[in-house]
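These are the structures, in structure tokens.
In the two assemblies presented below, chain A is common to both, partnered first by chain B and then by chain C.
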Partner chain A sequence: MLIQTTVFYFFSGILVLSALAMITVRNPVHAALFLVLAFFTSGALWLLLEAEFLGIALILVYVGAVMVLFLFVVMMLDINIAKMRAGYAKYLPVGLLVGAVMAAEMIIILSKSTFEHVQPNAKAADYSNTQELGKLLYTEYVYPFEIAGVILLVAIIAAITLTMRKRAASKQQSPHNQISVKRKDRVRLADLDRE
Partner chain B sequence: MFDWVQNIISVIPPIVLMTVYMFVFVLVLFGCVAYVTLAERKVIGFMQVRIGPNRVGPKGFGQPIADALKLMFKEMILPNDADRFLFRIAPLLSMIPALAAWAVIPFADGWNFADINAGLLYLLAMTSLGVYGVVVAGWASNSKYALLGALRCAAQIVSYEIAMGFALVGVLMASGSLNLGDIINEQQGGILHWYWLPLFPLFITYLIAGVAETNRAPFDVVEGESEIVAGFHVEYSGMGFALFFLAEYANIILISALTALLFLGGWLSPFPESWFTVPYLGALLGHGPHMFIAKTCLFIFCFLWFRATFPRYRYDQIMRLGWKVLLPVTLIWIFVEGVLLYFQVSPWFD
Partner chain C sequence: MDSLDINSIDSLPGLLNMLVKSLVVMPEIALLIGTLTVLLVSLYTGRNSENVTYVFSLATLAGMVFLLLRGMDRPNVVLFNEMYVHDELAKLIKVLICVTVAVIFIYARPYLLNLKNSRPEFYILGLFATLGMLVMASAQNFITIYLGLELLSLCLYALVAYIRDSNDAAEAAIKYFVLGAIASGLLLYGMSIMYGITGSLNLAEINIYLENIEGLNIGLIFALTFIVVGVAFKFGAVPFHMWVPDVYQGAPTAVTLFISTAPKLAAFVMAIRLLSYGMQELVVDWQQMLMILAVLSLVFGNIIAIAQSHIKRMLAYSTISHIGFVLLGLLSGENFGYASALFYTIIYVLMAAGAFGVLLLLNKHNRSDIDELSDLKGLNQSHPRLAIIMMLMMFSMAGMPLTVGFYAKLYVLQSLVYNDFIWLAILAVIMSIVGAFYYLRVIKYIYFDDLLVRLGTQNNALMANAILTTNGLLIVGLFIFPNYLLNYCVSVFP
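The block that comes next holds the complex of A and B.
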């Protein structure tokens, strides 16, 4: 139990620090990397709760895919720190308001009256969190699950359609034509007279 | 015969024992990585009718040690305006996931560091983390070529991860388990029961996506010498460069081992069971870690062979192959596999 508590506080400490650093550092690339660290440590915390599927899925989806694309975009920014600090005073009231609302919401949720702190029993060693989740998702919650899938599919198609604008100047390759090229289309044997 | 060894092992606390095992394993893996680099130069030399390295030690077998010593004593140069911390930590970021993934790989029945139920997911998560080393190195170098290499790498790895993930979904459907030991036990019954046959398109997809994930030829535009010098590690020298090099070869060994596990039945023997009782040779022909290592070596050889054979792909062709060829192939085959599973087609899905 002592080891578990130590591990919990170790990861929680890293999580809180990296989350703080993420919103305070000036360089956007550093901020994105701190967010990666925060996701990674929260994945580790979920593993402590025996939620292995959620923990690994968090790392796989957010760290392995979403944040790579984030970094991809942020890396190409022309970082100008002086310019970024310019609007600080102007946006401070809005930021404080949003922060206050979020803090109030968290306090309401986590206060004792609405959030019963019942410690769940530890599961047996052969308990498979992945299997249990799968069973629930494909039996009891199959319709919400499928509907969420369809909504995501629609979103993907919508995003692709938005980028499919036809421009007059854009040129496209036709791989089919490239592959089906024959020798006689490209090479001509010229019979030159000897001189 | 080994009673005294077992007696000693039984008194050591498990956590110390595990640490010792891990330490030994990492050392052995580094040794393998060093000699894969030598194998690469020898094999490609042979294929191109050259001799390859033959000066250091007998037949050139001391070459990796000489290379390692040289790299250790070289200065690590920081480029102007590089991000000092990220520049130094980037090689580690690409090395650590390549090592961490080995935790769940079973060498024989029950021979692994962590026998976890979500092993396949863990592997997918770890292999997807390797991209950070490359991306961070490219950005922290403060160099145009390095950044271009990193951008190419990020796009390529994210694209091929999807086809790779779908190939793993096929394995998961066939075996009904995410545990790597169970996946191999489901493949028992001889060479025709291994998943390479019922999942053949996924097997080929996984191998191609694996080559692309490790940024090896013919998909090595990340380093493309003729276009961007050396890509993301153009600014690295000394041990920083050596670590990237180690990570690349550790990833090759990892992907080869995974292909052997998921599609060629890991530690299972291809020979009929009646051969296992043959005197002396029986142990060699039976199931065991030597079979797993032999299959891994087969795929490592394929990686070297590809590099000696194929010309480099153009970047748009790489993207086309990933999204428009491999992804549809995996999707269609997962559907076919679903039908096969539904009708319980023997001998694989009954």
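The block that comes next holds the complex of A and C.
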């Protein structure tokens, strides 16, 4: 139990610190890397809760795919950091004050309320987390699962709607024209005067 | 199948029982298949894709209305591990949503044809949004409510930015997206605290839990606050209304019509399911929260609308004040109040559709939207029929007799008086009188001012004109026969 608690606090500490660093560092690339660290440690926390599949999925999807894409975007965009941070020092005190008051209020209220604490039993070593999740997703939660699929489809359609433009100047391949091309379209025999 | 009653279904063997019960989900499945078909067809029809998409979308919606009407007398069931509920409220709202979306498509069609870069995505995203609203209409679980809401909102964010070259539209879309995401976050936070306390995501189970607890658990109020804030954001009630005027103004008028009509029906069901079906026991607490929202919406909506010279912005503030009235109906916490709020929402959708419909059918000759109120000056001289319809809508929004808006306001006030909220009723009447000023100003512009700009009308708008005229006639017709609709609204809440 002691080892588990130690590991929990170790990872939680890193998680909180990296999350704080993510919103305070100056360089957006560093911020993205701190976010990667935050995802990684929360993945570790999930492993500690015996939710292996979720932990691995978090690392694979967020660290492996989303954050890499994010880094690409951050590096490709020309972001004027100084301009974006112009109001930072000015708004910081007010923001800190409001945030601190709200956090304090929420802690007071939530510490006075009672939550259902049901300690789940530890599962056997050969218990398959992935299999159980799969069973639940395709039986009890099949309806929301399908809706989530539709939401992803809409996200694709919306992204394409907002960004795809056919420009007149853009160069495109036309396979049909390419394969139906004849010799006479491409080769021109010219009579050159002999020197 | 329609004539089977619930007992004979339960006596069927397991799998068959499941199948027969899940027939009630047919409309949703059909809509999804129809939308995907429209999506594929629009890809392969080249230059005609817009026409084809329009026709296919209307056909899909017509099929939906047919399926939904057939399902009206199916027994009420709860499906999918109690996540999907098929009850009287869901049946009524679903039919209304599908009809509204079809009308929106018809009104928007001539306007979209007139746009330079019109694309078939308007109809496709509109159909997906409809699916999201139907999911919300029969959601009985925090997960399904949230997923339906997100499906709807995602489509709306993309629709607001439909005209890609317009800076106003892009700005409106970003504002809407950011504020919508914050609202979703608040809603989810409230739901997760509620789950932590009650141990369930199911609204019926939460209600049972709340009935059986003893003493006050302050965490419940905490969760409730976040949920109410989330709902108020989606409704656009003051003080969570910041997005409404900017989005209404920045979005193309066809999209403004969409946002201001059908989603209000879905937001109404969401509020009823969360507050009444899930947390009726906390009525004393959410009543006070809704009271603050309603009073602020009525006061700010009506007073700020007076100062607007942009017609879509004025209608946005007018929407906020109407939302105040809907909340007044909801806050009484009993069935007649809910019925009056439902009646008000339906009538509001009818009025908003008519008002934006008139704006959609008019155009300036330089092909820009009608935006200034003064554009409507002397409309009676150029387009007398549209002028009459606009006048009816404005009279109805102001709550004048001879239009159904009068009864909508009357029933809400009646429910307030029954429940001893006399001061709220008086305030609502005073604010309606303030509101009458800016509605009557529009009528003054139309009928008593000289023609300033000669507005043109859209081409190919025969169907839209016919439906719009019907819409105008309904406003008067429902004044003469309001009882049928009201009785239906009352019967929805047993």
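Please note the rule applied: the second predicted complex is superposed on the first by the 141 of 195 C-alpha atoms of A that agree within 3 Å, B and C clash if a C-alpha of one lies under 4 Å from a C-alpha of the other, contacts with A are read in each partner's own complex, and residues count from 1 in each chain.
In the analysis below, contacts are C-beta pairs under 8 Å (C-beta built on N, C-alpha and C of every residue); 3 or more make two chains touch, one makes a residue touch a chain.
Note that the coordinates shown come from a computational prediction; the quantities given were computed from them, not determined experimentally.
Student: Report for A:L49: first if it touches chain B alone, second if chain C alone, otherwise both or neither.
Tutor: The answer is neither, since A:L49 touches no partner chain.
Student: So, does A:I109 touch the first partner chain B, the second partner chain C, both, or neither?
Tutor: Touch partner of A:I109: chain C, not chain B.
Student: Which of the two partners, first being chain B and second being chain C, lies in contact with A:L137: first, second, both, or neither?
Tutor: The answer is neither, since A:L137 touches no partner chain.
Student: Tell me which partner A:V36 touches in the superposition: chain B (first), chain C (second), both or neither.
Tutor: first
Student: After superposition on the shared chain, which partner residues are touched by A:A158: those of chain B (first), chain C (second), both, or neither?
Tutor: second
Student: Identify the partner contact of A:V73: answer first if only chain B is touched, second if only chain C is, both if each is, neither if none is.
Tutor: In the superposition, A:V73 contacts neither chain B nor chain C.
Student: Looking at the overlay, what does A:A148 touch: chain B (first), chain C (second), both, or neither?
Tutor: So A:A148 only meets chain C here.
Student: Quick one: which bits of chain C touch chain A in the complex? Just the residue numbers, please.
Tutor: Of all residues in chain C, those touching chain A are 32, 39, 79-81, 83-84, 119, 121, 124-125, 128, 131, 135, 141, 143-144, 147-148, 150-151, 154-155, 157-158, 161-162, 164, 193, 196-199, 217-220, 222.
Student: Would you mind writing out the residues of chain A in touch with chain B in their complex?
Tutor: Against chain B, the touching part of chain A is residues 29-30, 33, 36, 52-53, 56-57, 59-60, 63-65, 68-69, 71-72, 75-76, 128-131, 173, 175.
Student: Please output the residues of chain A touching chain C within their complex, sorted ascending.
Tutor: Spelled out, the residues of chain A in touch with chain C are 106, 109-110, 112-116, 118, 140-144, 147-148, 150-151, 153-155, 157-158, 161-162, 165.
Student: Applying the document's contact rule, which stretches of chain B touch chain A when the two form their complex?
Tutor: For this pair, the touching residues of chain B are 83, 86, 116-118, 121-122, 124-125, 128-129, 131-132, 135-136, 138-139, 147, 150-151, 154-155, 157-158, 161, 178, 316-317, 320.
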